[in-house]
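See the structures that follow.
Below, chain A partners chain B and then partners chain C, in two separate complexes.
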Partner chain A sequence: MTTASAKERIRNEKKARQHVRIKKGKLARREALAGLLFVLPWIIGAIVFLAYPLVTSFTYGLNNIRITPKGYKFKYIGYGNYTQILLSDTAFLPDLADYVISTLISVPVIVVFALLIAMMLNMKIRGRSFFRVIFFLPVIIVSGPILGMLTEQNAGSVSAIDTQAISAAIGSFLPEILAKPVSGLFANMVTILWYSGVPILLFLSGLQKIDSSMYEASYIDGAGGWETFWKITLPQLKNIVLLSCVYTVVFVSSNDNNTLIALIKASMFSGTKEKGYGYASAMAWLYSLVVLLIVGLFALILTTRKDKYEKEARRTDRELRKEARKIRRVQRRQAKHAKRYQRT
Partner chain B sequence: MQSDISVRDVKKPAAKRLTKDKVRKFLAGTRTKNGAVKTVAVYALLICIGFIYLYPVLYMVSASFMSLDDLLDSSIKWIPGRLNVSNYVQAGQSMNFWKSFRQSVLIAGLPTLCTLLSCSVIGYGLARFRFPGNGVIMGIIVFSFVLPGQVLMIPTYVMYSEMKILGTLWSFILPALLGQGLNAPIFILIFRQFFRTVPRALIEAASIDGAGYFRSFWRISLPAAVPAFITVSLFSFVWYWNESYLTELYVHGVLTDSGWTTLVLQLRAFASNYNAYQVTAQSGATSLNEALKMAGTLLAVLPLLIMYFVLQKYFTESIDRTGITGE
Partner chain C sequence: MKKILAMLLTLCLLLGCCGSLAEGTDGVVINGITYHPAADMTTEPITLTYFHFDQDETVQLLADRFMELYPNITVNVQYENVSTYNSTLLTLVSAGTCPDCIMFSDCDFALSNMLLADISEYWDADPETKNLADTLETAGVGTYMTNARYAVPVKFFPTGMYVDLNVLEALNIEAPSRNWTWADMIKLIKDATVLDSPDGMAYYGCGYYNRLDSYYGIAASQDIIGEFGFDGTDFDLGVWAVGEQEFSDLKLGGYIAPSTETQAMEDWTDDWEAWCGATGHVALFTEAFWTFQNTWNTDEYKQYNLDIVPYVVPAVSEEDASGVHHTIATIDFGGVSTSCEHPREAYELIKFMAFGVDGWKTRCEIYNDETITNKSGLPLKHDVMPCPITKDQDVWNAYIDMFCKGMDEAHVDCWREYFASCMQPIPFGWTSIAGYWNYCDEYFNSIGIHDLVDLGKAKAADYAEEATLKANLYHAQAMLDYFGEDGYDILTEEEVAKYEQMVEDNSI
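Let's look at the complex of A and B:
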């Protein structure tokens, strides 16, 4: 092989490579740089206020931390905090169970209520702006202490609804573990409804984005109101249902009324020897895992249910691919056989 | 439905030529108009649920005006015997209303301004530019919204105390400036969604005319994003105002008192505050009762209520325009 041909080959290869991968232009690089510059505050913030605390709180959770006049005194105890929380803390596990059950029950109720109200507010009715003002009101005044104050005065339930009778009726036919949260639902009707303020907003803006030509088309095809709701409105709002669920879970979990986060704060500042920052960090980690699991559960339920049409499309797609594979295989075999016959 | 129609048919004189079809149309509606039955049902539901929504507020207003006699009188349920303002005076004094109000405005207002500044810049960066890691950043933003703040709270608290900004407003301003304020992920997403709707051609035209990245942001995208700014500032203000957990931890102090307080925090400690006030006050102070508590609660939400009724148009309309749900 001569050197000239080798050089030529290298040049050709280079050319080929250039053809495949286009070098980034000056403009694109500058744009990327400018974008990073704009996002830089967030990156710094995420490192300082998100990544660092996340890692640190994990290590805190593995330590017993005591505050001495000289500073913090760390003592590594492995998962000792966790075993202590799970085995000997009298408040944590019962509170956690209560929180999980009541969240799993109340979040769907809140979201369904929000959807219902949003759909009514979206109709062409008189006094729509008046009703909007009423239903958005909770967004403004919902906060832990205010809700706490109102429930303390029994203003959280409507006295016109006989909650006692309802909870008695529920208690009679539901198992005890479910009866308590369900009757709590009725007792705190107002609070439950008040939590649906932001989901109503979300649903309303989602409803307004649905293309009205879809409704017209379905009307022409003879769909009634019920069918239109299930086949058009709800699938179009699928993402917003998920968004509302996530928002509600996050809101319920970070509300000052939540007993668990109050417990975390209390153990953070508790003066006892075994509690303190490390113990509270471990508790916060357990709590966060549970919250993330709940959010994940809702996401799983709401995203895995595929559309019927999507399913069918997928099935035909699969069959087509199978067919194509079969054809390719046949062709390959034919080619192989043809070669063999040529040789002999 | 069927029996309903027949009853109406009998009642109405035949002179009006009320055919069965007309009645049916009136009740069940046509394709362009909602039927009477549906309309009535919707109104009834809206009014009922609306009443349940308003019930605590009405209760609060009514109870806060009651004197001790009214509270004990079982015949008085809603309307107090006479307009009694002394509850407000006493509750306001015990909450140290004006000082708490001023501080609430500062604690909610300054971080809101910082949030506006940072989140608009960050949202613009994410919406306008393509750079490696854009998707990853979006993922982390969503994750940071779902992650409960409690897991970050303790190291952050330690960090603040080492930076000596615990018990000052800086502990709220600093994260807000770096796009990590209260509910900042939502605001970043709102801004991002909004800046995406600004036509790219407009920005390209500006850059041809010689505008740099920052100039095209400042002069073209920002003026177009006024609805997003209104929405974000309203919500950020309200959420900071109502936040009590973190405010107590970072600004007010859990075991100590830094001097900073908010109306909501004062309400949380209302009973102990009131008892302290009662000891120092002159003989006029009545002992703590339901009416006083409700007056205190109303005082804590009153500034927001006034703001809401003045700005309600923006609250209810800006949502439609911001596209909070674009994802």
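Let's look at the complex of A and C:
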């Protein structure tokens, strides 16, 4: 076979393959188009309501902006807003520190509370559905204004708890930076626990997915409730714990009662020339970064690590492959030496 | 004959339909009020938007009357609560739907966003503005120390020092002179404080809503604008510090009645939520002007056996006190927005709503009709009713008749005298001095001076020097920002140099 005919054959085969691919592609394209049509609303929503505002707010953060009846007045100031927030703003950093500490304290409290309630609601008790509704109700009615009214009327705390005495006790042994958020936890016990509606729901769904045969097997092996909780329930809910933590962090960080949200809003509408939308955008970006770091921290702590045996198997596999490569290298070298020996 | 009768009937019907609207020789008469509509207004159909935080029902009725006077103008009234007012207004501005007329409280918000148009042309040409309280011109109120006018007073609430004559009688103390001085007031507060009273409940000299230091600066000097010793260019918080210290000393000395929701109030009245104004055991109140009409002058409060009469805020010197002197007042301002396409008509609208004689005659008519109520069923007279800022005697007669309805002659005289004595108002600084709100928001309030001095942990005078430097800095920077080349661009080179020098001199 000549080279030309071989080339022609390859070309024909390629064409034939292309032909087949075109036919397959039409179907695939149709399927892809249908898929795209289904996700198009989401893509449009994400572009219009997520990507565009994100890009806009970032560019706002680099400008000094005044909104006048005759239009927006932009003045590019680079990272001026950021440096001013970090170096001159007397409220942002202290409020941010309070927020970080209170979030790190309140999120585990909310999640643990939600887990306990979910486990109770998962038991076979009379009126289980009614109790589930009761615990989910706050999610429906806990909107900004209602929460604000509760706080205004000092209904954010359990009246049986002597919050003043607790604050005084906490303040006596904790430094101020820690005492304030810890005291705040007791002072806003009701509102904090109100945040647990969705995590309860998540845990309930997680609990219902755990295979009951695992519990049966463990009971046969003599395990009690305590052991099954630590060895079966909690490991099985690890992903839900992470999800609940992320949800709670986002919820706590973005609700109207958050002091930083109030600060950002106040900056947006401040009469100070250097504040306004640009300054508020920069503040919001810094705040978002901190929220992301907190989410990352919880993810780092709670992300499911690989199984110990799987890890060991992978390590052995890696070592075996390394050994095989070494043997092949030795064999190649031996073959090379053998050839050289034959020539000589 | 039938035809003539039919024509006569039709004529009567037409006249009846026209009702009370009839054009007189020198004005239009509606409901017995003679109006003088402006002649130089457009005849084209236009719409004006009035954005406000005033009493909504009143404003809506005023707008209806304005539209009767100018049938080609449609007034679209938009009410917004004070707490969300600025954010809603800025949202409207950012969406390109800025209202034509706006109210505002802190001037920094309005000036930094260049919301207010220069209305000097209309203000200067308007003869009615010459008959307003003198201080609007002499203290540059609404001009922000520039040569242009941006704002007009919309709601004027003089400051009242309310004395309970029944308490004075119970304590056998003579009522102070109408021309009392600051020292007389302090003496009254001290004399009327009787902690071991025979009836078992302590009497206090003063119950406060506004702190006395807010009043002191203007009471001390006729040249001062705002609470912090501002003379038109520079601040001097040394004057404020005297009043601050005096008030804190009164608090520490036990002469000031406990505040609501405090342990002291619980101990005094056995009621954590009680208000000192309802105890009948406080001689003097520094309450807001509207407290009289919407609280003490209501049927509910008759049971407390109070006999409240108003006094003007006293001046420090006897010479000032003997005449009509400057007193601090709550004034909410408004203006025409910079994007308004019909500024002449918008000016006439805000004048009608705010300070104009025609508007005030209409207000008196509305307030007089106690069948017109707010959403809570309260007659509008009792719902944060302001005062006229015009000196027009007809308006004042109508206002005092309406205000004092049901009072005896002695009390009417008290009120008449009081109203006459508070017509030299100086607004609070945050509504009338550039940079003042920001200064309070970012510096003054953040260091908690009041609490420190009230608790005796610091002396007010210790803060005066730094606070003065900061106030000057904020003001000078605001003047450059708002009126310099990045803002309205109306400052002369000399003024720019002056404010730049102030910024340099006062930077800490």
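In the analysis below, the second predicted complex is superposed on the first by the 276 of 344 C-alpha atoms of A that agree within 3 Å, B and C clash if a C-alpha of one lies under 4 Å from a C-alpha of the other, contacts with A are read in each partner's own complex, and residues count from 1 in each chain.
To be clear about the criterion, a contact is a pair of C-beta atoms (placed from the backbone, for glycine too) under 8 Å apart; a residue touches a chain by one contact, two chains touch by 3 or more.
Note that this is a predicted model, so its numbers are computed, not measured.
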item: Clash or fit, chain B versus chain C on superposed chain A; value: clash
item: Touching partner for A:A282 - first (chain B), second (chain C), both, neither; value: neither
item: Superposition-derived comparison: chain B or chain C, residues of chain A touched; value: B
item: Contacts of A:V182 with chain B and chain C, given as first, second, both or neither; value: neither
item: Which of chain B and chain C A:I77 touches, first, second, both or neither; value: neither
item: Contacts of A:M268 with chain B and chain C, given as first, second, both or neither; value: both
item: Contacts of A:T90 with chain B and chain C, given as first, second, both or neither; value: second
item: Which superposed partner A:C245 touches (first chain B, second chain C, both, neither); value: neither
item: Partner chain(s) touched by A:L137 [first = chain B, second = chain C, both, neither]; value: first
item: Partner chain(s) touched by A:I110 [first = chain B, second = chain C, both, neither]; value: neither
item: Which superposed partner A:Y219 touches (first chain B, second chain C, both, neither); value: first
item: From 277-285, 295-303 or 313-321, the chain B stretch with C-alpha clashes against chain C; value: 277-285
item: Overlapping contact positions on chain A, where the chain C interface meets the chain B interface; value: 72, 265, 268-269
item: Of chain C, residues touching chain A in the complex; value: 86-87, 90, 93-94, 98, 106-115, 337-340, 437-438, 441-442, 446, 477-478, 481-482, 486
item: Complex contacts: residues of chain A adjacent to chain C; value: 66-70, 72-73, 75, 90-91, 265, 268-273, 276
item: Residue ranges of chain B touching chain A (in the complex, touch as defined); value: 31, 34, 39, 42-43, 45-46, 49-50, 52-57, 59-60, 63, 118, 121-122, 124-126, 128-132, 134, 137, 140-141, 144-159, 175, 177-180, 188, 213, 217, 238, 241-245, 249, 254-255, 264-265, 267-268, 270, 290, 293-294, 296-297, 300-301, 304-305, 307-309, 312, 315-316, 319-320, 322-325, 327
item: Residue ranges of chain A in contact with chain B within the complex; value: 28, 31-39, 41-46, 48-50, 52-54, 56-57, 60, 72, 117, 120-121, 123-125, 129, 131-146, 148-150, 152-153, 155-156, 158, 189-190, 193-194, 201-202, 204-206, 208-209, 219, 239-240, 243, 246, 250, 253-254, 256, 261, 264-265, 268-269, 277, 280-281, 284-285, 287-288, 291-292, 295
